[in-house]
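There are two complexes below, and they share chain A, which is joined by chain B in the first and by chain C in the second.
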Partner chain A sequence: MAVKTIGAFKRLLTGCGAVAHGVRLSDVDVISTYPIRPYTGIMSELARMIADGELVAEYLHAAGEHDQLSVVYGACAAGARAFTGSSGVGVTYAGELYSPISGERLPLQMAIADRTLDPPGDFGEEHTDALTFRNQGWIMGWASTPQEALDNTIFLYRLGEDPRVVLPQFNCQDGYFVSHIADEVEVYDEKRVKEWLPPFKPLHKLDPRAPESLGPQISPPSGPAMQHQRKLAFENVRKAIPELTESFNKAFGRHYANWLDEYMTDDAEVVFVVSGAHALTAQTVAKKLRHLGEKVGVIRLRWVRPFPTLELRESLSRFKAVGVIDTNVDFGCPVGAGVLTSEVRAACFGLEKTKIVGFVAGLGGEVVSREEFYHMTHKLQVVARTGKVEKEAYWLPFDLKM
Partner chain B sequence: MNPHELFFEPTLKQITTWSRGVILIKDGRDVSFLLGEAGRADGKYVQAYENYVDLPDRVNVPVTSFARIASEPIESKFLYENYAHDVVVVLEESLVRSPILNMIVGGATLVVNTKRDPEEIAKFLPKHPHLKQIVCVDASKEGRSAFTLSGQEGATDATGIGGGYAGPLAGAVAKATGIVTLAGLKKVAKNPGACEYGFNTCVIADAQQIFKKGIGKEWKGDNPPQTVWEVPFAGTVKAPVDRNFGMVTNTWRIERPVLQEELCTQCQICMLNCPDACIKLTASAVEVDYDFCKGCGLCTATCPTNAFSDVPELDFVS
Partner chain C sequence: MAQILEEIKGIKNVPQDQMMVPGHRTCAGCGPALVYKLVAQAAGPNSIFIGPTGCMYVANTSYGCTPWKIPWIHAQITNGGGVAAGIEAAYKMFEKKRGDGIKPNVIVMWGDGGATDIGLTSLSGAIYRNHDVLFVCYDNESYANTGVQTSPTTPYGAWTTFTPSGPAIPEGKVLWPKDNPKLVAGGHPNLRYLATASPAFAIDLMNKVRKGCNAQGPAYIHLHAPCPKGWNFPAKDTIEMAKLAVDTGMYLLYEIENGQMKVTYKPRKRRPVADYMRLQGRFSHLQPEHFAKMQEWADKRAQELGLPAVLPPTE
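Our next item is the complex of A and B:
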């Protein structure tokens, strides 16, 4: 079947629409779906593309997320470039599949448009759904705009399928804030993407002409070696990301940082560390406060797995006070904030001068407002001035009454 | 400096559109995206999005969508709604009974799709001191609703923007406010003629002059959103036993079932068919609970003696 070529264009697209175009341009072979807000827009857009002849792919509507992941698991094992996605409790329902998919080294991609788990079960976002599976051997990163969501789709297929890597990828975006608010997006010409993203060439695949078994049960003595492979693969991701980011930027005229998207940090006194769209709100506050002579910087983490430990440690050693924004819950965790605060603190272990404060904000999908960033900044300025951390973790809005 | 002043965006114009779930969802979204794309064609910074918390898959439920247009980059990018409306666009006239003027800013404009004139519309509005003008346009004259389910949930609408009611309404916004230009609209709309029609035929009236004549309802102040500091243990809520005033659904109603009592035989078929259990037996006939009646029309359709008739909601001033 011939594919209808659309060519390059620019228009207002939501994060959902943008990812769907990323999937179309990546020329995927198999898509498995199951609806859940806010991810649903991606699957309905892909269905439309197939109906309109813009994409030729197998589209399987599964009976639930566990089945959904099982479909792409098998498809990718048979050599297909596969795509799936979900949100919130859909992500957790499929939980059993994540480790086998990465363990059998199947570089399929799953889009996650974040949604809270139950409770509160509203449509709003928390990064908890994706972060719950941060230890399952998948590459994981957050887009902050619809454009970046499209770019990450293409980028992650190339990274995941790189023969040094061969790992599945969570392509995350903030539910609603990125997935549902339309922004200007440049959609690339099909040829341009094809040149940068070569067809998927699996190292091993299920083929009746040369039968092999993927993921058979092994005995305990082989366990360490088996797990060690994924560890080594992640070390290769660290090498591949800077290389491929440079290559992607050159091919598509973008300016993405390898690991840390730094904003006004050069002479900053205090900085925020954020993952995802709320970084943009922090940036507008940093810019406003510059006019008042207050030096605030923002560091956005592009990737959470692998965690940019060395890069972050080097960068944060320059600052006296760091505020980490946690849009996730990790009840009973070491610092009492969320996942990112614990991890940033671990990355900065032993840096005497850098004081780290966690801010749990935007839970249940609540907006993290500019006013809140303004007041968080003032808490950090006190830490920078005195060198003392009065409170290690703030839960907004309760611990930061304005 | 207080943070509210610090973060004020002087060039930002916020346009809020009210439409109805399923039946007018596409036209409502189209107003926002048409104005957004026109703003982009005019060289402005824009955002367009649908309300995420509304229940758009319920037929007739009031739903909102938003366009935001500015000469400088938009800083308040990630909000669920507009909280300071410069323009309110109403896709279906009976929606003027909803709190459409809550949190409008000084000099605000209301645009309504209706055959009625501004004075008749004003009867249903609170006399909000910020409302500058009431604009009426009859979009149904230029075309039909552009109903489609394509483009729901943030996906791309493959049918094009501004083919139904959106064109005339966006044209009226351009004429009354100048936030976007007619040239910009015509560049991006599927039906440029409809934009021109709205631009040329809309009726613009001074709202405060109308209110001065005594037309309109009492304005009781705005209800800004509140921070929620506390919820019950584990979010537990008591189930409503009879009437749930947390979920009054009378604003879903476009037409009201009106009973001619002398024709009622008390056969109770309407009571069986009412999906919301809104009809009760009285001594001589039946009675509709207009707090919860959504105006679905099933009672009218199933009444064997044709005792019910559906009457446009704005023919009643309550």
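Our next item is the complex of A and C:
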């Protein structure tokens, strides 16, 4: 069956639309779907592409997210390039499958357009859904624009399928702020992508011509070695990301940082650490404050797993005060903010001069406003000037009255 | 092209190639291991097996010594249907995109806890979507590898560690079992083939597996798999127990092909259920009124299929 060639073009696309084009360009074989807002747009766009002959792929209507992840588990084990996705409680409903998929070393991809869990269960976004599974052996990173969402789709397949790595990938984007807002996106020519992303060649697969048993039960003495292999694979991801980012930038004319997207940090006194689309608001605020002579910078984490520990530690050692934006909940966590604050503090353990403050903001899909960023900046400036942390974690808006 | 598996006519024509070879380590007399061997032997080398968690994973598929000569993959107890669907879809796409030229039998070997309880959504979803997959439920009537707990197919009156008998609940299990073949047959218009089978009728079992593989669409086979450990009977009596289940009408053998139901074995005389139940420790606490209730249940089911009545009336 011939595939209709689309060629390269530039067009306004939402984050969902952009990922769908990333999937098309990655020549995915098997897709499993189940509807939930806000990621659904990816799957309806893929359905359209298949109906219009732009993509040839098996498109399965799963019986739920658990079934979705099961389908791609089987497909990838048979040697197919497989794609699935979800949001919010859909991500948690599939929870049983994440460890088996990374444990079987199946490099499939799951797009997540974040949504709050229940409650509040509104349609708004929080990173809680994806971050809940940060320890399951999946590569995890956030796109901040539709363009980056498309690029990450292609990039993550190449990274995950790299023989040194062989791990599944969470391709995350903020629900609504990226998934539903259109931006100009450069969609590449099929051939150019094919050259950079060769067909998936699994090391092990289910094939009657060469039988193998995948996933037999191990006994406790084999446990440490098996878990250790996933740890080693993650160390290889650390090596592969800089190499492949350079190669990707060269092939597609982009300028992605390996780990930390730094904005106006050169002589900054205080910086924000953030992942995903709220970084763009932070950047706008930083630029505005620069006009007023305030030295504010922004560091956006491109990847959360593996966590850029050394890179972040080195970078943050330059600043007096760091504000970490947590758009997630982690009730009862060490610092009293969210996941990122705890992790940034762990990465910076022992850095005496760098004071770290956590800000829980934008919960339930609320915007993190410019006004809030101004107020947070002010708090950080006080910390930078006095060298004293009055309060380690702020829940917005309650702890930061405007 | 799908390979068509021919009918096995008589014991002399049973394929000699074993697909389940030494390496397994189930209990002596294990019914599930016996039926698994027969299913794999009937399906042959052009097959991929999916093994959701259950006895045949925990006791039968150990790292470093798995008994499988065919490709085998572990699935969760919850998701045999989805995993099989993904494998089938992948092979369909390989054929479409690059003409791979092979079409393996995709077979799920699921325990009753998986196929009738926690994985029912996954089973139903895959049959609904019309995947060319054979779903086999090996029914040992309990969650056995976890130490024998009740499942939806555990019979009324059976002792399990979750349904002990005591002064307040003398019969142990009080619920009546779920009829999974009926459930599967009743609501899935895409289902091509359905059968029940028993290791006491080995060639019939193997031919039903072959029909399931040849069905070119979803097929479901429910296999009776007596469990010496969970049912508490001597390990040498597994086949005898399977035969008695059929002869008493506790287990019914039939198939549904192209929507037509056919009873594939009718005992000439149906024996009272007590003849079967009295040989198993799991029923040893039952009183005559409990046996009578069970007889009534078996009679009703046998009548539906047109099996002979039990004479003389039971105790």
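Convention: the second predicted complex is superposed on the first by the 402 of 402 C-alpha atoms of A that agree within 3 Å, B and C clash if a C-alpha of one lies under 4 Å from a C-alpha of the other, contacts with A are read in each partner's own complex, and residues count from 1 in each chain.
Throughout what follows, a contact is a pair of C-beta atoms (placed from the backbone, for glycine too) under 8 Å apart; a residue touches a chain by one contact, two chains touch by 3 or more.
Predicted model, so just to flag it, every value in this text is computed and none were measured.
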Chain A as common anchor, with chain B and chain C clashing or fitting: fit
Which of chain B and chain C A:100 touches, first, second, both or neither: second
Which of chain B and chain C A:216 touches, first, second, both or neither: second
First (chain B), second (chain C), both or neither touched by A:11: first
Chain A as apex of chain B and chain C, Cα-centre angle in degrees (nearest 10): 100
Partner chain in contact with A:334 - chain B first, chain C second, else both or neither: neither
Chain B versus chain C as contact partner of A:77, first or second or both or neither: second
Which superposed partner A:40 touches (first chain B, second chain C, both, neither): first
Minimal inter-chain CA distance - chain C and chain B, angstrom: 24
Intersection of chain A interface sets (partners chain B, chain C): none
Chain B residues touching chain A - in the complex, by the definition given at the top: 1, 3-4, 6-7, 33, 36-37, 40, 46-50, 52-53, 75-80, 150, 152-156, 158, 227, 229, 234-235
Chain A to chain B touching residues, read off their complex: 11-17, 20, 37-38, 40-42, 44-45, 48, 52, 119-120, 122-124, 176-177, 179-184, 277-278, 280-281, 284-285, 288, 292, 367-368, 370-371, 374-375, 397-398, 402
Complex interface listing, chain C residues touching chain A: 45-48, 50, 57-58, 61-64, 66, 68-76, 78-79, 81-94, 96-97, 102, 104, 121-122, 124-125, 128-129
Interface residues, chain A side, partner chain C - complex: 1, 29-30, 32, 56-58, 60-64, 66-80, 82, 96-97, 100, 104, 206-219, 222
